[in-house]
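A short write-up of the structure that comes next.
We call the chains A, B, C, D and E, going by the order they appear; numbering starts again at 1 in every chain.
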Amino acid sequence: MSDYILTTQNLTKQFKGFTAVDDVNLQVQRGHIHALIGPNGAGKTTCFNLLTKFLVPTRGRIFFNGVDITGEKPAQIARRGVIRSFQISAVFAHLSVLENVRIGLQRQLGTQYHFWKSDATLRQLDARALELLGEVGLRDWADEITVNLPYGRKRALEIATTLAMEPELMLLDEPTQGMGHEDVDRVTALIKKVSVGRTILMVEHNMKVVATIADRISVLQRGAMLAEGSYEEVSRDPRVMQAYMGTSEGQLQGAH
Amino acid sequence: MRQSLSLLGYLALLLVLVAAPFMGAYPIFMMKLFCMALFACAFNLLFGYTGMLSFGHAAFLGGAGYITGHALKVWGVPPEVGLLLGTAFGAFLGLVVGYLAIKRQGIYFTMITLALAQMLYFLWLQAPFTGGEDGLQGVPRGTLLGFIDLRSDLTMYYVCLAIVAAAFLFIMRVVHSPFGHVLHAIKENEPRATSLGYDTNRFKLLVFVLSAALSGLAGALKTLVLGFATLTDVHWTMSGHAVLMTLVGGMGTMAGPLVGALVVVAIENKVGEWGHWMANLTSIDWFRSLGESVTIVTGFIFVICVLLFRRGIVGEVLHFLGRRGKRPGA
Amino acid sequence: MDTFFGVPLPALLGQVLLGLVNGSFYAILSLGLAIIFGLLNVINFAHGALFMMGAVVAWMGGHYLGLSYWTMLLLAPLVVGAFGIVLERLLLRWTYKLDHIYGLLLTLGLTLLIEGAFRSAYGVSGLSYQTPALLQGGVNLGFMFMPKYRAWVVIASLIVCFTAWYLIEKTRLGAYLRAGTENPRLVEAFGINVPLMITLTYGAGVALAAFAGVLAAPIYQVSPLMGQNLIITVFAVVVIGGMGSILGSIVTGLMLGVVEGLTRVFYPEASSTVVFVIMAIVLLIRPAGLFGKEK
Amino acid sequence: QEKVVIGFVTDMSSLYSDVDGRNGAVAAQMAIDDHGGQVLGQPVELLTHDHQNKADIAAAKVREWIDTQNAKMILGGTNSGTALASATVASEKKVLYINNGAGTSALTNAQCSPYTIHYAYDTVALARGTGAAIVAEGGKDWFFLTADYAFGHALEADTAATVKAAGGTVKGAVRHPLNASDFSSFLLQAQGSGAQILGLANAGGDTINAIKSANEFGVTQTMRMAGLLLFLTDIHSMGLETTQGLQFTTSYYWDRDDASREWAQRFFDRTGRMPTSVQAANYSAVANWLKAVEEAGTTDADAVNAVLRGKPLSDFYASGVIRPDGRYAHDMYLVEVKKPEESSREWDYLKVIKPLPADEIWTRQEESKCALWK
Amino acid sequence: MLTLVSHSQPASAAGADGSATMALEIVDLHGWYGESHVLHGVNLQVRRGEVVTLLGRNGAGRTSILRAITGLIGKRRGAIRINGVETIAMPTYRIAHLGVGYCPEERGIFASLTAEENLLLPPPLKGHGPGMPLEEIYAMFPNLKERRQSPGTRLSGGEQQMLAVARILRTGANILLLDEISEGLAPVIVQALARMVETLRSKGYTIVMVEQNFRFAAPLADRFYVIEHGQVVEHFLAHELEAKADLLAELLGV
């Protein structure tokens, strides 16, 4: 059991009669980069929202490290070490890059409610923050106000902030969305790099990224699990080709 | 560097204020200004730094004023106890109103605070000890800590200055505390803050209570200084004043509410004179009636601020000074 | 025998009827707010001031032009609606891209401007407006005297509310509106002039407020400040109802009018606060409001 | 050149601006002009300020005028909160403060001061005048519609006491919140009481709305209405159709006698409106103060006070005497609103039913808590 | 970029002034969502009566191109000419009146409207011939007739998709932008849609399709554009499809 860091049982979410996530049994193995793919509207983001309790499941249960976390609040889940990023870039735009990461680090001090303390007490976190920024290649940008960063850098910052939480499990929603070639490659490499000692569950449309780094892939379609396996297995699955990859092998082979 | 520069600025301001009574400034006017400035700063802590627009802050200002006034006048408590009672009462009201209001966000939050404050207004009006329209009059200043006689305006002035300066430093500290950093994060992106493990509702409630307590202190001090507490301070237009002062000065800046308070209080007191001056200058007689049109002028400023100067005076200056500087707040 | 907590039942019925009158005003005003909020995402703080304008314009029509109540019942909403359109075109539209808060602040500023202007023109003690001859007097219902005019207010506002509901829920124009509330950009992509629609919607919402103002003119003091307190109560109504649906805001408005009316009988001291107390309770139990949709 | 400054702080933009306001300042200026524009050989200047009914603004302005403009007399207008606050400041600075328009009797009672003169009406006089006169006219059974806060409670209590003392009975009261706007429920309760007289212990918009509704619900057919705090401008705004038959107490009505008419006409020529009692009182107060200054030969408050207090005064506004507690105790009048057909022109609204002698209506010495009058 | 005109000019095309027969002409189009820059200089042209398909991987920017044409994208720059009329500065609703009908990827069915209200929502476009009559639409999609009184979003995904397509046929629009209309639909319906596209083509409609479903798109289109990273990277005619299979396999990641 401890092989799986995260499992769901019959996870279901309905919106007014419309089932966005349908009886999903997901198993994420510790240490894996696990990709969740599927057509638009398949329920990937909804799935993430359920896992982090931004939405309350209609049915089903969620286990993290074998503990049932279905009833917990978002902040509690975050404190357990399940940290997510957002599909639309989610940084604190008017904080400096360093401060962004520090917000992530700050909770470990346990002084988050201390309104009487000076923020000089936060300086002790700077070294670690810079280290994290270094990991994502943002060290030189530390004092910049975040709005001024190019888009790709913001996504990198988001990952750094997420790392600051020392997550056991990172949920990344389309980390390469809206990026140019170089950014995509950089972020892909970054994810690979930070995955050491962690588990990552990510939603990604870019098959090249998925192919390069994903250890395991789950394919959702219309809320339900369609297929699961390694990239090779999944990409050869005709149902997946049909539903997601857009064409079937046969067609293209016929064209050869 | 920048921070120390602005600290120097505040120090200079403090020196000027210490010397002000000897340079012909009116102690009472200045003290009222301090109280309003503190009120605006307290409001700004919530609106400017956490992004929550409360339209019920008059309830804390005026409510605390009544409690302090009653305690000083009827129970005969010393001023320091009166001020503490007022502050505590503000905090208590803040807890109740805040608890209800943070159940909704954005515009609903605003409407709820407004409605609850209006309810409290009716309660104050009906409560026998507030004196209704007459107000609670003749509140004695008493002797602070048993040896500082506050009856002299000058003594009161320095006590008031000390309290407001301390409160200002406190707000500054809150903004730049670990707590303040999380608040800023919540303002920027609440879902993201939640996903980083912060229980945002507790932060919002705590800052609401802090803001209400400080507003309460402002109200308590105002009653102590002026010797009366009236319905004006619990009416929703006073909440509107808090918004206006912050908006004019520049929300989310430390100095903004100070400047805003100066502008708004000055308008209230001087617009008539300016009107006469304008009338003499332009020989347009209409300006003479400006003194009777404070609400029109106020409304006009609101419109202009929203459409053209959303950053406010201080915000625009900071923006102009350092486009690539650190974030405003310094 | 036929008493309820010491109040005779028929009398109670009378009070319910009277409560409906106030409820009618709440209903029309919260309906207007809901329509405007739906499409513009603006909480129209100026609604109270525009309500006042309706009443004052009705008075002006009578005073300067000798126009009758009935003419003004039609004309005043048009005039005030046109004024609203100007406001929207010149000022309001610059706030759409900003946080909702700015719409509220802008309309608050407008409220102060409008009220101030009318105050300096007409003073504060009010303008007299007579009940139209046709509706003077009343009917004795046995248990109470029901002025004809009050009955007319209830009927007129029910008609207006129902018409608004019908227009929005059952017609093509209403379909544009509902669709526009859900996804204005897509509606625009179908070739509908959404900016114009927004302008007209604001005009219509404002006209509703003015209509309520004209209705109020013969029974309440017509003065520049008449909308000020009302609007805050209507805000509470809106929080209670949740602005989720057109029908919801109408029903909530009427219902709260009745509740308030009954409070006047059983515990008059609390009649000004009862709506706010209900709001607090609703917030505790159903934060999204009675008809509100969860986000 | 030296000048004598009079400061006039009142509500010019808010609830009471029609009763006093800008035209109140016109009246005060008329008094100065009639006095030749100067006193003791120095020009007289009138400063005005709108306090918006905010006590802190009023008090601050009074203080500023005294300190920086060397104001010699402060004339204060509505409302009670601003008046009490201004009076405190003025007496601290030993400058004469004359108020017209504040209702509270505290100015000359619990909070009396040698430097405060309450010149026009107060709520005690209104309540007693109306209460006693109407009972004497046969209106014995009363029901009160009371604004639910200190002011309303005081009006009700004073009137009820007078009614009972005069042999009437109080059948009940209903308390309505401020700005109730809809009075129908309350009126039905009043109607159910079977009382003859409906006493309106409220003010401004509430009174107007109550009267409008009373008409609408036919309450006026079974009950007579007594306004406890009404001004000419209220009648003007509601119209005679609505207000006919309403009785209330006033210190001045323009169409009372030749002297009042003569002055009112001059006021009308300047403002286009007939004066309210408060506006007339402004003129009278300033005129009498200027005379007293001439007589005292100085603007010093104590000297002027010595001349003013205790001396019988009489002019078109009223006749009476300023008592040691600062109250100008003068006659008042019970008036009734005319029927539309009785009115011959605009502003021809009231008929005087009877004068109310000063010694019957004001707070009496034995009731007073004023230390200056013991 | 590619030399489109010479490469794919059918015999019937006009000479120098291509725009006379151009239904749609896009030059160096850039587009942004907030700060994210998603279209990086797109160039493409569609002649009247042509069916063109945009291919590409997920997130390549195909939807964004359609949204840019209708003015729905956050910010756009470049040139977009519809029937020769420059529209880059036009408000969205005016663009529709040039004859553009847009069927969005997310379908855009309104929950507060019934199916029929949804269908009747887009107003007939002025200056264009009458659209498809209601009976004809119902004949084409009998399901819709059956469910016409249900709230729009209560329809099944497939029905919603039909509704979204049917909706723009009524208005008289003759340039149809169809985004992933076959997605999530049962094969029978996909076949029905394919027939519909055929019919529309024969009636002279100009159609720009975005498709994942290659099998669906392949036989319908006259020409293909391949989009990657917000740019046109490849472009070919229907008969070149087989020859390009290798390239396609690489570009589309399959």
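Going forward, a residue touches a chain if its C-beta (ideal position, glycine included) is under 8 Å from a C-beta of that chain, and two chains touch if they have at least 3 such contacts.
In this text the structure is predicted, and so the values were computed from the model without any measurement.
Taking the definition of touch as given, a chain qualifies here only if it contacts chain D and chain E alike; those chains are C. Number of steps on the shortest path from chain A to chain E, with steps defined by chain touch: 1. Among the remaining chains, the Cα-based centre furthest from that of chain D is the centre of E. Centroid to centroid, with C-alpha atoms defining each point, chain A and chain D lie 74 Å apart.
Chain B and chain D have centres, each the mean of its CA atoms, that are 35 Å apart.
If you average the Cα atoms of chain A and of chain B, the two centres end up 43 Å apart. Contact with two or more other chains is made by residues 116, 119-120, 229, 269, 272-273 of chain C. By the definition of touch given earlier, these chain pairs are in contact: A-B, A-E, B-C, B-D, C-D, C-E.
Listed in rising order, the residues of chain D touching chain B in the complex are 12-13, 17, 21-22, 48-50, 52-57, 59-61, 63-64, 67, 79-81, 84-85, 88, 104, 106, 111, 148-153, 177-178. Taken in their complex, chain C has these residues touching chain E: 172, 175-176, 178-179, 181-183, 185-195.
Chain E meets chain A in the complex at residues 33, 35-38, 57-59, 105-106, 153-154, 157, 180, 183-184, 211-215, 218, 229, 241-242, 245-246, 248-249, 252-254.
Listed in rising order, the residues of chain A touching chain E in the complex are 16-18, 39-41, 89, 151, 174, 177-178, 180-181, 205-208, 211, 222, 235, 241, 244-249, 251-252, 255-256.
Within the complex, the chain E residues that touch chain C are 70-72, 91-97, 102, 104, 108, 110-113, 117, 120-123, 125, 167-168, 171.
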